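Common to both upcoming complexes is chain A, partnered first by chain B, then by chain C.
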Partner chain A sequence: MEALSYFLTAWIDPQLLFLVGLGTFAGIYIGAIPGLSVTMAVSILISFTFAWDVNNALCLMVGIFMGGVYGGSRTAILLNIPGAPSAIATALDGFPLARRGEAGEAIGIATVMSVLGGFVGIVALAVAAPFISEFALTFQPRDYMLLAILGILLVGSLSGESLAKGVVAGCLGLLIGTVGLDPLTAEERFTFGFVGMWNGISFIAVMIGLFGVSEALGQLQHVDTAAVKQKISRIVPSFDAVRKYLPLSLQSSSIGVIIGALPGVGGDIAALMAYDFAKRTTRNPEVPFGEGAKEGLVAPESANNAAVGGAFIPMLTLGIPGDAVTAIFLGALFIHGLNPGPMLMIEQPTMFWFMVGNLTLANLFLLVFGLTGIRIFTKIVEIPKGILIPLILLLSVVGAYAVNNAITDVYWMLGFGVLGYFMKLYGYQVGPVILGVILARLIDENWRRAIISEQESLGQFFARLFASPLSVSLFTLVVVLVLSQTPLWTWARRRRVRA
Partner chain B sequence: MRQLLIGAAAALTLSAVPVLAEFPEKDIQGIIQWGAGGSTDTVMRAVTPAAEDVLGEDIVMTNRTGGVGAIATKFVQAQKADGYTLLMGAENPQLYKVMGLGDTDYSDFIPISILARGVPILVANADAPFGTFEEFVTYAQAHPGEVKIGSTGPGGLPSVITAMMTSQVDLPVTAVPYDGDGPALTALMGGAIDVMPAVLGAALENIRAGRIKALTVFETQANPVLPDVPPVTDAYPAFADYLPWGPFFGVFVKQGTPDDAVAALQAAYAEAAQQTDFGKLMDDRGYALMNMSGEEAVDFLNRWQSVTSWLVFDAGIAKRSPDDFGIPRP
Partner chain C sequence: MDLHTTHEKRAGEDLFGLLFLVLSVGMLWQSYAIAGFSALSSPGAFPLAASAVMLTASVIVVVGNLRRRRGIDDGPVLPGSVAVFVGLVAVYAVALGPLGFLLASLLFLFAGMKILYRGGWVASAVIALGSLLAIYVVFRIVFQVVLPEGIVPEREWMAAIGNLFSSGGTE
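Coming up: the complex of A and B.
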């Protein structure tokens, strides 16, 4: 009962209620603009809110987090530019839908599924937080490595018509991801002596270039074609549609919660994995994946918002950030004199339920703000190309610069924009490149950590792997996924069907 | 006549005041070396609002991360030496020279304030088969290579503390590198590593919760936050030569900045660091408040550089000898 009163703190205080709403609203737009990230907004807020009461600061920050993760889908659907890394998978089927004039419906589904996913994350946080965080702690370096390999296998789903081209693009991404100071030894790799490259190539700059600029360049060829008229009759998805996608949404959300709760892995990987999961399990989608399948929208949008609740699980129970944004929340709690850690839940149960309450509230606001104003938003697609293309380029430049306040990132972004244009021209998908960049570090660091831990003995590495149930499950999953993509598998299945 | 002269001089001085306007007359930029939410970021964002109040102008803080802090350091170095760009950094640049990461260090800057110093401790997984520093040393020697010690790459706090330990005792352990003390402490709780040198503040809450145990604190006296954890000098008095040692946070401006600007900034940060809120934050996180500036700060920086450079060089993880840069042996 006491928990309920903490939970409702922000619901009954008009000021806090307003701050959560304001945060959510602002978050949607921050998330929608590529390069303006939730991480950035929240860290700026920390110094602003230093003099504030801690509750006020947290309400605003929670709103921005929830809204921002969702907002990334807007530009992904309308312009094929993911506003945030967690919306990369959303662009894959969301943009084709907009091209068919169904942007309104796509945003409607994305909103409802985001809110659904958000609730799954919140419920997991409220009910199973201690259990999930203990589970997340058991992940060893080798398990992270296996997880990253599972991620690499997503290339199959992102390759478009040619797997070979997808693999080439993925390898390029892995290579880009290795640039910079070696995370383990601080040795320079592919930096050519430039200090500006020590930090590696900004992954956001690569993303904005490959998606945003290349899209703008590609559209230059069709400047004269009239924009697709958007159908705006149906925005809020019908009850039947929601019920139809509900199982997929729940499954994707579970993926999101677990991946979100793992320290160091966040909504971007969760969304891509959920997309892959949807693509593998959906039998007979109405429209093929990559051409505007609704399932391809439902899965990543549920997963990335579920990952928000997931990321709070280790943060509130153990004081370990689940991702970059919750790391800043931890900093904020410290500044405001609370000591986040395993004792927080015991000494300050108020804080836990207060956060759960805020997240729930932000999620409700998301539904309201997400479903209103869509009509105006979809008009963006109908803007004449002569105005829209320069606008995209401007947004891309501002976004790339804003990531690290570095002009170098703008050059990288433009370079990758040109590269992306030619890649698309020759049938190479840009998705696998991003996937490679995201996963390069994860796989590199954790493989080396794992083998260093076993004193560089491969035998011992496998001995330990097979002694751990978690590692064995992940390993089996990797093997099954690889085999299922070989001719051997199809042959075995055909035989079984005949027999 | 004489009075007239004095009067004229006074009038001149008075009229000169508006021309030589007082520092600061516009916003100041604060460049933070490390990312949002990290310890450097937290410290700077906590202390700076109070300094703004004293100065009467805004200090706009930006994180320019990367290159172990070198990106921010080089950026500030490239700006005008007018006091309008502050470098908000940690200890890392003091090791750039010996680690082969460039020729910059804090001798190219004027310290405005060395705010605080972290207290290093050695923590172990709660289930580790040793409970004290001596037991850990004995166990590691009996099981060469089996004990996994967390690290954050060469030059980081764990590598320096490990170098300190190996300079005193034979310690055949395997160092497993992580991205920072946060991920390494997580790995420690999950059992992926067995021991980890860390700053007290980062480990404190988990020690209190019994998820990890503190073996020793690298000080000559026990820390008031953890009175039961013995200082390392109890078992090995020779460690006293290196202590006090710890990562620090400071605000700097480029060499050549006008004296009045330096003085104004020093006064502002000195007052800000005295605020009770800031003091409490530092206590809670287990940092020793320093609030040092001027000669005192320069001496501290030099001694820190000399002790640490030679430690990492003797441990074989440095690329260049401190001798190459005229860094004296302590």
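Coming up: the complex of A and C.
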């Protein structure tokens, strides 16, 4: 009963209610505008809300977080530019739907499924927090490493064209991610003697270049094609449609919660894994995946919002961030004098239930704002491309510059924009590059932690790996995924069919 | 790995594959230079492994490319407009510091829209100015993003606008 009163704190206080609503609304637009990231907004907000009451600050930031994860899907659907990494998978089928003039319906389904996924995540946070965090505690460094490798391979296999090209892209990302001073030994890696390279290449610059600039450059050839008039007569999806995709949404949400709860990986990987899951399990989709399958929209959107609740589990119970946004969020909690970790649940259960209540409220606001603001929003695609492309490029430049106030980041962004343009032209996916950049540090550190604990012995490393059911399962998944893309697999299957 | 790619080979695809191959050789060399084969936990071990995998995959891609035939020519690989815009963004980035955000962005938007939108001088200028103002309000004023000021006396303008409001308030 006491928990319920903490849960409802923000629901009955008009000021807090307004702040959650404002945060959610702003989050949707921040997530949607390419170049403006939730990470950036929350980090700027920390400096704004520094002097605020902790409850007010948390309400605003929870709203922005929830809205931002969802907002990325809008530009992914309308412009094929994921506003946030968690919307990369959404663009794969969302954009083809918009091109067919079904943007309204696509956004409607994405909204309802995001909200549904969000609730699954919140329920998981409230009910299963202790269990899931205990499970994550048993993870060894090698398991984190295997999970990250699995993530990159999954994204690589999503291209469908060639795993080899996906692997090239993923490795390129991993190498970009290692540029700078080694975090453990401070040794220089790929800095070529430049002090300016010590901090590495800005991830935001790479992301904006590969997704914003290269997309804008690619669209230059189609400037004269009239923008597809978006059919937005139907936004609220029919009950039948919701019921049809409900099982997939719930399954994807479970993936989202589990992936989100794992430290180091967040909504982006959850969305990609759920997309892959949907692609593999959906028999006879109405439209093939990659060409506008609604299943390809339902899975990532449910999963990435479910991952928000999931990401809060290790953050609040262990003090470990689930991804970049939760990492900044964690910083905000510290600034406001809170100490997330196992003791938070014991000493300040009020704070835990207050957060759960805020998340639930933000999720409800998401449904309201998600289903109502679309008509104005879809006007963006009806702006002639001759106006839109210079604007996208301008926003990209501003976004890349604003992260570190450095022109160098703009040059990096432009370089990656040109690279991304050619990569797309020749059938290389750019998604694995970004994932590689995000996960490079995680893989590197966990590999070294794992091998040091085995006294630098590969034999011992594998002996331990095969002794742990979790590690064996992850390792087998990685091997099977690679083998399934080789001619060997096709040959074996053909033989079995013949036999 | 799967060599049965679906799209037809485009002009320059062999060269692009080769560039990645050369890049991965270079990265392998640079990774080796970090710490050699000193230890499995050395700072160079992970980059070495990543570039070795990249090299292997690049070889597979290049061999796969050689096996495929060129498709029908479907337009230039680097159209003039793409080259022009890459140049335009580069000039914009260079001008951002000395000219300042407002002036450089206005010129960039105007030039970009004049080339692409093919509207009149006035239409392009009005749209460029309007959208720049909206972006300025969102980024500079709402989000307080620090943008280069350059030769534009932005701070004086803001102060003047502020004074206008405050004096209006006291009257």
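In the analysis below, the second predicted complex is superposed on the first by the 455 of 499 C-alpha atoms of A that agree within 3 Å, B and C clash if a C-alpha of one lies under 4 Å from a C-alpha of the other, contacts with A are read in each partner's own complex, and residues count from 1 in each chain.
Keep this in mind: a residue touches a chain if its C-beta (ideal position, glycine included) is under 8 Å from a C-beta of that chain, and two chains touch if they have at least 3 such contacts.
Just so we're clear, the structure is a prediction, and the values are computed from it rather than from any experiment.
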(message) Quick check on the superposed pair: does A:T185 touch chain B, chain C, both, or neither? Answer first, second, both or neither.
(response) both
Exercise for the section: Using the superposition on chain A described above, determine whether A:L262 touches chain B (first), chain C (second), both, or neither. Expected result: neither
Of chain B and chain C, the partner touching more residues of chain A is C
| message | Just checking: does A:V112 make contact with chain B only, chain C only, both, or neither of them? Give me first, second, both or neither. | response | neither
Legend entry - Which of chain B and chain C A:F334 touches, first, second, both or neither: first
Touch test for A:I452: chain B only (first), chain C only (second), both, or neither?
both
(message) With both complexes superposed on chain A, which partner does A:V195 reach: first (chain B), second (chain C), both or neither?
(response) first
For A:P141, is the partner it touches chain B (first), chain C (second), both, or none of the two (neither)? first
Next item on the list: With the two complexes superposed on chain A, say which partner A:N404 touches: chain B (first), chain C (second), both, or neither.
Entry: first
Interface residues of chain A shared by chain B and chain C, listed 184-185, 405, 452
Seen from chain A, its contact residues with chain B in the complex are 39-40, 42-43, 46-47, 50-51, 137-141, 180-181, 183-186, 195-196, 198-200, 263-264, 318-321, 324, 327-331, 334-335, 337, 339-344, 404-406, 445, 449, 452-453, 455
Interface with chain A, chain B side, in the complex: residues 36-38, 41-42, 45-46, 48-49, 61-68, 70-71, 74, 99, 101-102, 145-146, 148, 153-155, 174-179, 182-183, 185-187, 189-193, 204-206, 208-209, 211, 277, 280-281, 284-285
Listed in rising order, the residues of chain A that touch chain C in the complex are 36, 41, 44, 48, 160-165, 167-168, 171-172, 174-175, 178, 182, 184-185, 187-190, 213, 216-217, 220-221, 223, 384-387, 389-391, 393-395, 397-398, 401-402, 405, 407, 410-411, 414, 417-418, 421-422, 425-427, 440, 443-444, 447-448, 451-452, 456, 458, 485-487
Seen from chain C, its contact residues with chain A in the complex are 1-3, 5-7, 10, 12-13, 16-17, 20, 23-24, 27, 30, 34-35, 39-41, 43-47, 50-51, 53-54, 57-58, 60-61, 64, 75, 77, 79, 81-82, 85-86, 89-90, 92-94, 96-97, 101, 105, 108-109, 112-113, 116-119, 127-128, 131-132, 135, 139, 143-147
